[in-house]
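Heads up, the next two complexes both have chain A, just with different partners, chain B and then chain C.
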Partner chain A sequence: MTKKLLMIDDDPDFVAGIKAILDNAGFEVEVAYNPKEGLHALQTKQYDLLLLDIMMGRGAEGIMIARKLRKDVKLREMPVLIITGMREQIAFLFPGEPIHPRFVEVDELVEKPVEPKMLIEKVNSLILTAETKKAGKK
Partner chain B sequence: MENKNNSKILIIDDEEVVLDSCTQILKGSSYKLATAANGTEGLNLAKEFQPDLVFVDLKMPGISGFDVLDKIHEIDPTIVTVVITGFATVGSAVDAMKKGAYDFLPKPFTPDEFRLITRRGIERRKLVLETIALRREKEMLREQFASIVSHELKAPLGAVQQNLFVLEYELASMLNNEQKEKLERIKIRIDELIKLINSWLRVISVDIDKLKAGFAPISITAPLSGALESMEPYATRKNIEIVSDIREPLSPILGDSLSLSEVFVNIIGNAIKYSPDGTKITISVEVKENDLLVSIRDSGVGISEEDIPHIFEGFYRAKSGQTMTGQGIGLAVSRQIVDAHSGSITVESELGKGTTFVVSLPLSKA
Partner chain C sequence: MTDTISFSQEVSNLLYAAEGEPIKTCIQCGTCSGTCPVAGYMDYTPRQIIAMINQGMKEQVLESNTFWYCASCYHCTVRCPQDINITELMYALKRYSIWKGQHKEGLIGPTFSEAFVKMIVRGGRSFEPILAPSYIFSFGLRELLQEVTNATELLLKGRLPILPARIKRLDNFKRIIGRIIPMGGLE
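Moving on to the complex of A and B:
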């Protein structure tokens, strides 16, 4: 079955660069260009994964979405790939190490720009992890 | 520029003669003057009148001149204070100046003396205000610059690179080798630009004050072993052995574990980077008087004597290390962090033989 993804990011050019890769890899990608639109989509539709930009608008408006997700019993099971242009502002991170922000149960952080291969790998593995977790709970 | 005409002076003294003569002396000048006959009245006035300069008699009935000084500095630390004291009590004037008074006016004084001290006090106040304004401006510029760099420069470059990735990915089967190479070169150049911007951001975003606010007593083991753990893979890749001699328990230091581990990541990372394969890096910790010393010794390319004074300056790279890639930022950031801890970093090196970095941090007094 085709996996449905939602991308929330306010930079249309960057979105185009990500969406093309994911479209090509057979995902169905919907886009919200601001946090409000994104939140609305999350609350009304079902997605297999969320691609979230942390640094939207003036501040880190993406973090607000991540926090809301964490509080929502249903939404917090959805895997999230956080894509950020400014990792130095999120936390100090060791160079070259995998990063786990742990906003929700299954998430990971990557820096803009994202290599196509790595993007597809991360998306697949996050979806798989989330599904395995869910299956284990039942 | 603020007009000198608006400068406000408050005089607090229980002797009416003093208040009167001061008023007389300043009559016709452009200063605004207010007077109070005791400390309580003076303090109330200080809040309302918002003076630039306050004269306080040290010897008054009621609350003492010293207390008045303290309270005024509490109301607004930028207000300039001058104490009025009898000639026999110059000693207490010195005490007052230790507590933040700018100057003293010995009694009895001539009109000229009073005018001179007033003028100096007002000038001082202007300087204090200007310094604060400048500092604030600098801070704002720094923040603005960081946000401009990140949003206006980095974001578009990221979007460009992302779309290049897509082009390369989609055209993979259609491009000939020459075209692929061109694309690769564009990608590399943009990647270098993004890395450069990241380094700038890192330098700008070290906020010493914020760092200090989070200081707590910590053991050096935490940041050091954290750094060792994350650098281990890099050492293994070059077949470099890291020997560390860290014995518990070590006396605590006052600091921030996260930023200190960044310091060790930088220094250990350099030791690995600038050492040939198969060599050894030695890390040791010792207490010397009131300091904790962490030494990181490598047998790498070394740094020449001329280069050593510059390697902490930022964006500087020593001649001996230029075959490796780098931004010349790690040590500059490390030094800022260690400075914030009231510590120091020193280097000893011999070209071709190796380098020892020593991070010295004051032990926590508790």
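Moving on to the complex of A and C:
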């Protein structure tokens, strides 16, 4: 069965690149170009993994989505891969300091630019750990 | 290939609570340009910028100084017959150009914003003597001297602090910032 992924990112060029990589790897990728649409899609449809950008809309709106996911009982279990270029986007603020993730229970953080091989590996491992966790609960 | 989105859609996505594409509803009446107090100093007037966004002229829009000159007086937003939030649009363009690292050279706006945000994050308050160098050298000699005399007079009257003011409980404030921007080694 093909895995369904949702990608929320506002940069069309970046989305095109990542989508091409994941399409070739045999995933089914849906894209939402703004956080609002993305959240709506998450609440109405079922996905195996979420690819999330941080800097969208009015600022760090990706974080707001992550926080909402964490509070949602149904969506809490979904693995999230955060892909962000925020270090470059607001580099002047905290030079050299780490981004602190942990906004959702199951997540991983990758910084732009993304290595295709590593991306696919991470996506696969995240889906796998989420599935084994689910199976263990049942 | 995937179907991508247009520049106007991209900009709309940056607007607060944007439903669809508000910019597309522009009727080019020119009320915003007529109202704008700084339109005379802009490369393109607000009306022209909206038309250019709708035409997808991304490079020219990002190269212009229009959105950096916006004084945020909100007069255009109030008067717009189509209820387009033009001031918000200007902010969106500022964000966009800073995130992409694409803006016109020699502008005060980006460096000033950077210096200001840095200062607030570090000390919690604005301190003019440090803020001034971010823009003061872009003036001509006469304006520079004018600024310096103004500053000296203010200083003598006790209107300009010599030492930066600190706020109480700076740590708490920094924690708040850390929650908004997920950077800064917070745990």
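Keep this in mind: the second predicted complex is superposed on the first by the 123 of 138 C-alpha atoms of A that agree within 3 Å, B and C clash if a C-alpha of one lies under 4 Å from a C-alpha of the other, contacts with A are read in each partner's own complex, and residues count from 1 in each chain.
The rule is simple: a contact is a pair of C-beta atoms (placed from the backbone, for glycine too) under 8 Å apart; a residue touches a chain by one contact, two chains touch by 3 or more.
The shown structure was predicted, so the numbers you read here are calculated from the model rather than taken from an experiment.
Contact with chain C, but none with chain B, is seen for A:Y33 once the two complexes are overlaid on the shared chain.
By the touch criterion defined above, A:V114 reaches chain B but does not reach chain C.
Annotation for chain A, partner touching more residues between chain B and chain C: C. Judged by the touch definition given at the top, the superposed model places A:M56 against chain C, while chain B stays out of reach. Once the two complexes are laid over each other on the shared chain, residue contacts for A:A16 go to chain B and to chain C alike. By the document's definition of touching, of the two partners only chain B reaches A:N24; chain C does not. The contact surfaces that chain B and chain C form on chain A in the two complexes overlap at residues 13, 16, 20, 55, 85-86, 88-89, 92, 94, 97.
Every residue of chain C that touches chain A in the complex is listed here, in rising order: 1-2, 4-5, 9-10, 12-18, 95, 98-99, 101, 114, 117-118, 121, 178, 180-187.
Considering their complex, residues 11, 13-14, 16-18, 20-21, 24, 55, 85-86, 88-89, 92, 94-97, 112-116 of chain A touch chain B. The part of chain B that touches chain A in the complex is made up of residues 150, 154-156, 158-163, 165-166, 168-170, 194, 198, 201-202, 205, 226, 230, 233-234, 258-259, 261-262, 265, 269. Residues 10, 12-13, 15-16, 19-20, 31, 33-34, 36, 54-60, 63, 85-90, 92-94, 97-101, 103 of chain A are the ones that touch chain C when the two sit in their complex.
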